[in-house]
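Have a look at the structure that comes next, please.
When the chains are written out, they are named A, B and C in that same order, and each has its own residue count from 1.
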Amino acid sequence: MFYFAIDILGTIAFAISGVVVAMEKKLDLFGVFIIAFVTAVGGGTLRDILIGATPVVWLTQPVYLFTILGTVLLGIVFIDQLKYLRTSLFLFDTIGIGLYTMVGIEKGLVADLSPMMCVALGTITASFGGVIRDILCNEIPVIFRKEIYATACIVGGSSYFLLMLTPIDSAYAYLAAIVVIILIRLLAVRFHISLPNIYRRTMTGK
Amino acid sequence: MFYFAIDILGTIAFAISGVVVAMEKKLDLFGVFIIAFVTAVGGGTLRDILIGATPVVWLTQPVYLFTILGTVLLGIVFIDQLKYLRTSLFLFDTIGIGLYTMVGIEKGLVADLSPMMCVALGTITASFGGVIRDILCNEIPVIFRKEIYATACIVGGSSYFLLMLTPIDSAYAYLAAIVVIILIRLLAVRFHISLPNIYRRTMTGK
Amino acid sequence: MFYFAIDILGTIAFAISGVVVAMEKKLDLFGVFIIAFVTAVGGGTLRDILIGATPVVWLTQPVYLFTILGTVLLGIVFIDQLKYLRTSLFLFDTIGIGLYTMVGIEKGLVADLSPMMCVALGTITASFGGVIRDILCNEIPVIFRKEIYATACIVGGSSYFLLMLTPIDSAYAYLAAIVVIILIRLLAVRFHISLPNIYRRTMTGK
């Protein structure tokens, strides 16, 4: 029940980020809905396709479609108010990333994949919805450019497998990994931490 | 036989729309062919991947590849004449949308999906070829911006399931749904009907 | 062992081409890695998804992930030196295309597809990593615009099936097809051969 609540809150947060990006691009009602939808379920869909877990999850569980539909309608009506909720949204989004990463890792374990590939699947689950959103909106994906995002998923996901080497119960390891992901992301944003700069010279232009 | 003829006409119409967009972008022969191909089969391919119906349909039925290949060669030769055929092409395209939607719905029923998800699959079948075309051509998909297109698929597809609640024979319901989709699209284009504007203020820029 | 060595060299060459493109776009460390990764494994991943051979190959064979990771780190450090290696890289890349095409054809044969569709799968394996790379970097795919690339895969792949109609041993036909692909690409680049121009009038602009 707790997990389900977080899952739905994460879906809502991801969908809202889609609504905001799509409305900046002046898409129509259908376009806004599709962008919100792929942002929220795109990562899990790609994961399911890569491991062959089809039909993909949202085709059999209508709760995602309804949640996103409701979010889009409310998001469009209250688009001006959304900016005041920025902090709450960021928090839901960050919690969503933590949970989505672990959901992806679990699916990888069920598919008998190695820990490293489970972490890759978890990262895909949490981050590729945003990648597909940006591609559909004709932008270079934002997580390829400036945000500590996937890094949090990778470190947090790996910490789960490290904790599993200790006598710690797997349920605690699961929760601890989610907390690690959330903390890394919060700290990175709070203290403006980004990946090490790989460009030697300062370049002008974007 | 009738369905097969419409299916091929729809494939030709979709492929031509790909040729036109690709040639505006000055792609080479291979690029034009690939864009025509994904426009014609991209929606069905995505549908098959989402439900796990692999190998996807065009890999086992070469008629699509041959049809598209012929269309591309003729399309390139007669590109200047294509503009005079705009009305006929629009009609084939619209009939294609109607048929493709119902083909997608049928595949969803075979995969044991709920009516709502069948409508989603039908809409994906009819509209995502154009979405992939636009992404490959580095444009924001046109159906996210201004056209009544997916809406026709959704309303028409839903009408099929509503008709199935009545004593009407399923073959008639099938045909009626195709007619509904075609009519909505024709009326929307004829009377310049678009989705309700979700933006309060007039904004400059695109 | 020989094939494995070429496969790894091809992976490295493809990954380096991803690093170069991604660094031109000023992506961060994670972005560069993802672009390198999709360039190297994207074609094979799309092939596996289309035929339903899941989990896709890199999820079960970690050698690809490690190879690409190492290539990215070395590529970033020695980015300035990479330009002096351009000829060697082009050669690896071209050998990679030849091998990847035949790997795709073999997978098609295992999936019981017709020769024509096997050639299509081989071409997808060899060329769609670059397509996905360009889309993620917000460019129209370069192979749709100017390069003899897919054409080499199609001709070479077809030559394999033609040779199989003769009494030639299949291992020799396999090698001969790879050589055909490599030769076509080398000759096309050396003599600036491109696909026939399909545009009648000279147009300004790109």
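In this text, a contact is a pair of C-beta atoms (placed from the backbone, for glycine too) under 8 Å apart; a residue touches a chain by one contact, two chains touch by 3 or more.
Keep in mind that this is a model prediction, so the values were computed, not measured.
**Q** Among the other chains, which touch chain A and chain B together?
**A** Output, common partners of chain A and chain B: C.
**Q** Looking at where chain A touches chain C, is over half of the residue numbers used by both copies, so same, or under half, so different?
**A** Different: fewer than half of the residue numbers at the chain A-chain C interface appear in both copies.
**Q** Express in whole angstrom the distance between the two chain centres, defined as the mean CA positions of chain A and chain C.
**A** 30
**Q** What residues in chain C touch two or more of the other chains?
**A** 49, 52, 135, 138
**Q** State the interface residues of chain A toward chain B in the complex, per the touch definition above.
**A** 22-23, 25-32, 34-35, 45, 49, 52, 54-56, 59-60, 62, 65, 76, 135-138
**Q** Within their complex, state which residues of chain B touch chain A.
**A** These residues of chain B touch chain A: 49-52, 111, 113-114, 116-117, 120-121, 131, 135, 138-141, 143-146, 150-151, 194-196, 198-199, 203, 206.
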